[in-house]
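These notes concern the structure reproduced below.
Residue numbering begins at 1 within each chain, and the chains themselves are lettered A, B, C and D in the order written.
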Amino acid sequence: MNKKVKNASVALEGVTHNMTLMLGGFGLCGIPENAISELVNKEIGGLTCISNNAGVDDFGLGLLLKKHQIKKMIASYVGENNEFERQMLSGELEVDLIPQGTLAELCRAAQSGFPAIFTPAGYGTEIAEGKEVREFDGKMYVLEHAFKADFAFVKAWKGDSAGNLIFKGTAKNFNFNMCGAANITVAEVEELVPLGELHPNEIHVPGIFVQRIFQGTDYEKRIEQRTTRKKE
Amino acid sequence: MLDKTSIAKRIAQEIKNGFYVNLGIGIPTLVANYIREDIEVEFQSENGVLGMGPFPFEGEEDADIINAGKQTITALPGASFFDSALSFSMIRGKHVDLTILGAMEVAENGDIANWKIPGKMVKGMGGAMDLVASAENIIVAMMHTNKAGESKLLKKCSLPLTGVGCVKKIVTNLAFLEIVEGGFKLVERAPGVSVETIRKATEGNLIITGEVPEMKI
Amino acid sequence: MLDKTSIAKRIAQEIKNGFYVNLGIGIPTLVANYIREDIEVEFQSENGVLGMGPFPFEGEEDADIINAGKQTITALPGASFFDSALSFSMIRGKHVDLTILGAMEVAENGDIANWKIPGKMVKGMGGAMDLVASAENIIVAMMHTNKAGESKLLKKCSLPLTGVGCVKKIVTNLAFLEIVEGGFKLVERAPGVSVETIRKATEGNLIITGEVPEMKI
Amino acid sequence: MNKKVKNASVALEGVTHNMTLMLGGFGLCGIPENAISELVNKEIGGLTCISNNAGVDDFGLGLLLKKHQIKKMIASYVGENNEFERQMLSGELEVDLIPQGTLAELCRAAQSGFPAIFTPAGYGTEIAEGKEVREFDGKMYVLEHAFKADFAFVKAWKGDSAGNLIFKGTAKNFNFNMCGAANITVAEVEELVPLGELHPNEIHVPGIFVQRIFQGTDYEKRIEQRTTRKKE
């Protein structure tokens, strides 16, 4: 099953204005850098983006925000981006903040064919306003509905032409849960390896969840908070 | 009166052998430095790592290995990386034994507010709402009063809530308190701080039973 | 009239390039042998393997690598192993393109019964209920009549259901049929089988529009 | 975090009559052979067992059935076991058959703190009788409640003292989903390796889901259907 495409430009075929996109990554860790660049190049606007964070001012989803390509942002934490805050407070940008665990699980629900979940997160807060709540075994839960998205853009460490993916470190994060959670999942990888090189025990995402795959270029992999200690 | 380091040290005393602990950003992060050496503890970070170690040596930072505060970290022997859904399975499924986080306000019934100041600050709740909704053991680390000198231990939170009735213990610069039926039970005073000082700094109902000992840091 | 092998061959013609296919036990398993060589297809088995290959060579069986029929199998290059929840995420999430399974009864509205004969046989539904509830493309492979000569294509199933209104296509020893509004649409006759024979063997409403071509195997 | 115990006998401390147990494996693939043997040895009875299958007459859960230690079986497919059928038809054994995907997900729900799920499996069948059903986007779903179990017994290929596990081949199956789904999870492994030997990217089950771990002995790993082809 050959899902390999040449580059980000081909991988983004069919992405049009006003679509809903999922984008993997936590902070700047594991973000689909090539897909984001290509969305900027193609000047696709009016987007609804589902992503845990919104990048920083000059990287990640911040690049799309700067060009006003995002109409609505669905995220759990957006604290690292001043332009984001400005657009939100001025009303240019719609924002739907939801708990991080709910965000992850609503991706998984979409991936797994579940229409909705009952989660305790946000019960009794403004997040639950207007939502159905329900008691199970004496504890209250909020009913949250699975995401629906047109494209999911994920980034992995290694992949093969069948769409199988392996992540490195904490870059697994939402990239795993978004595979197969949209109509079309596009994976970009640091290294596209020959079929059969990834051991079937070690594959994180089976290829069935991925429709297109390409080897990305020029990964910056920017570090948001460089914290170190000195050797003694 | 405690400084941030001392608050972290006092909280560290609450961590038991074998605990899996999730640390929030700020004072909670400092707690990792003061765990007793004779106990085993593992730190979980909700972005997808269990068995978090110290910061990497200079030059050994890896952009793919960070904590929930987006800081570069290391992984100890026995560590594992995982996806966000499985990470919150650990949290929601009550596999994490202790959650330590900061707060802007705590109410006497255990309500907590720490994610939003309407019209001023809207950074998002991140994983905090999942953590407080699921953890059975939550310690809040914070200053007893805000910069304007107003109490952060209230009858009722004024800010949008992060979770309801979930906080169990609070360590501030002035005191160690537990949430009990009826309010904040004063368990320990910070060194040199009088009960009267704590009473004045606490808007919510402060419950005092007998002599209140001074903390040992 | 088709034998089991020919039923499998006819079904194989329905498989398109790029399909992920889940094969049930029995005739469906045979389908894997007759896929056109110029198309790429991957087989998923719900116990946790994608990219299933042929049986292993003698002496190379691995107890840890089996299919849902508990048979020893092999994994092709590009295969992956996974847990049961993720396996049914593939199925429930509509990532599997085609499900081929056997049946004891099919009703003209697409209902299917294949897991239980009350008082006689109670083996369990295994993954069949998940498969039929989620798959958008289900082909049933079965004999047109049971051993007593009674039709298995019914107005209404008499046995406990596995799923409701889910079957789309049926290939029997006598015919290829599609479930449409109003009943079983006769699409093709098995070689040498008359429309009249099929009509007699079909209890449910049989819909015939124009000349019914003979299958090409 | 040292969770290593000496053997199956120690690992089963606290297992008592009438408990609810989860047991991993699909057919005989990946079953916790040592734990099952020890349940037989300890003659613990009145058990409710949650397991996809019920073993065969003389292996796997069939060993417990033969000794009448199982009061109730929750499974999806039990067709390989004659003694099972006999006990069920005679009324000696309570049986709750549920769809395989539901079984897996109800383990995951227990592992993940979800009280219930909405699944399409079984809608319109006797499985859904007496259960709440609900429509989402024009499709019907059945509400199913998370399992509750006292112990989960799982079997992995490799593990370490922190409880981290790696599976081999299709032996991952329900073993993965049952980890952390009961009050206490006991993992038996073919090989217990030194801490740090399992690469953190390759660990399937993070140790937090496992309370006790031991290296099993005398694995038979019986093959249920030995199918082969000849070399040409």
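Going forward, a contact is a pair of C-beta atoms (placed from the backbone, for glycine too) under 8 Å apart; a residue touches a chain by one contact, two chains touch by 3 or more.
Note that the structure is a prediction, hence the values are computed from the model and not measured.
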Common contacts of chain A and chain B?
D
Far-end chain from chain C, centres as C-alpha averages
B
Decide which interface, C-D or B-D, involves more C-beta pairs in contact, and give its chain pair.
C-D
As a quick test, compute the distance in whole Å between the mean CA positions of chain B and chain C.
55
In whole angstrom, the CA-centroid distance of chain B from chain D equals 36
Centre-of-Cα separation between chain D and chain A, whole angstrom
33
Roughly how far is chain C from chain D, centre to centre by C-alpha average, rounded to an integer in Å?
28
Going by the touch rule set out above, which residues of chain D reach two or more other chains?
108, 113-114, 119-120, 167-169, 200-201
Residue numbers in chain C touching 2 or more other chains?
49, 75, 81-82, 85, 88, 91-92, 134
Based on which chains touch which, is the overall arrangement a line, ring, star, complete graph, or other?
other
Which pairs of chains touch each other in this structure?
A-B, A-C, A-D, B-D, C-D
Partner chain C, residues of chain A touching it in the complex
1-2, 108, 110-114, 160-162, 164, 180, 195-196, 198, 200-201, 203, 206-209
Chain B residues within the chain D interface of the complex
18, 20, 40, 42, 44, 49-51, 75, 77-82, 85-86, 88-96, 134
Would you pull the chain D residues touching chain C in the complex into a rising list?
26-30, 52, 75-80, 85, 88-89, 95, 97, 99-105, 107-108, 119-127, 157, 167-177, 204, 221-231
Touching residues of chain B toward chain A in the complex: what are they?
45-49, 54-73, 75, 81-85, 87-88, 91-92, 111, 119, 122-130, 133-134, 160-165
Could you pull out which chain A residues touch chain D in their complex?
113-120, 136-137, 139, 141, 145, 166-169, 200-202
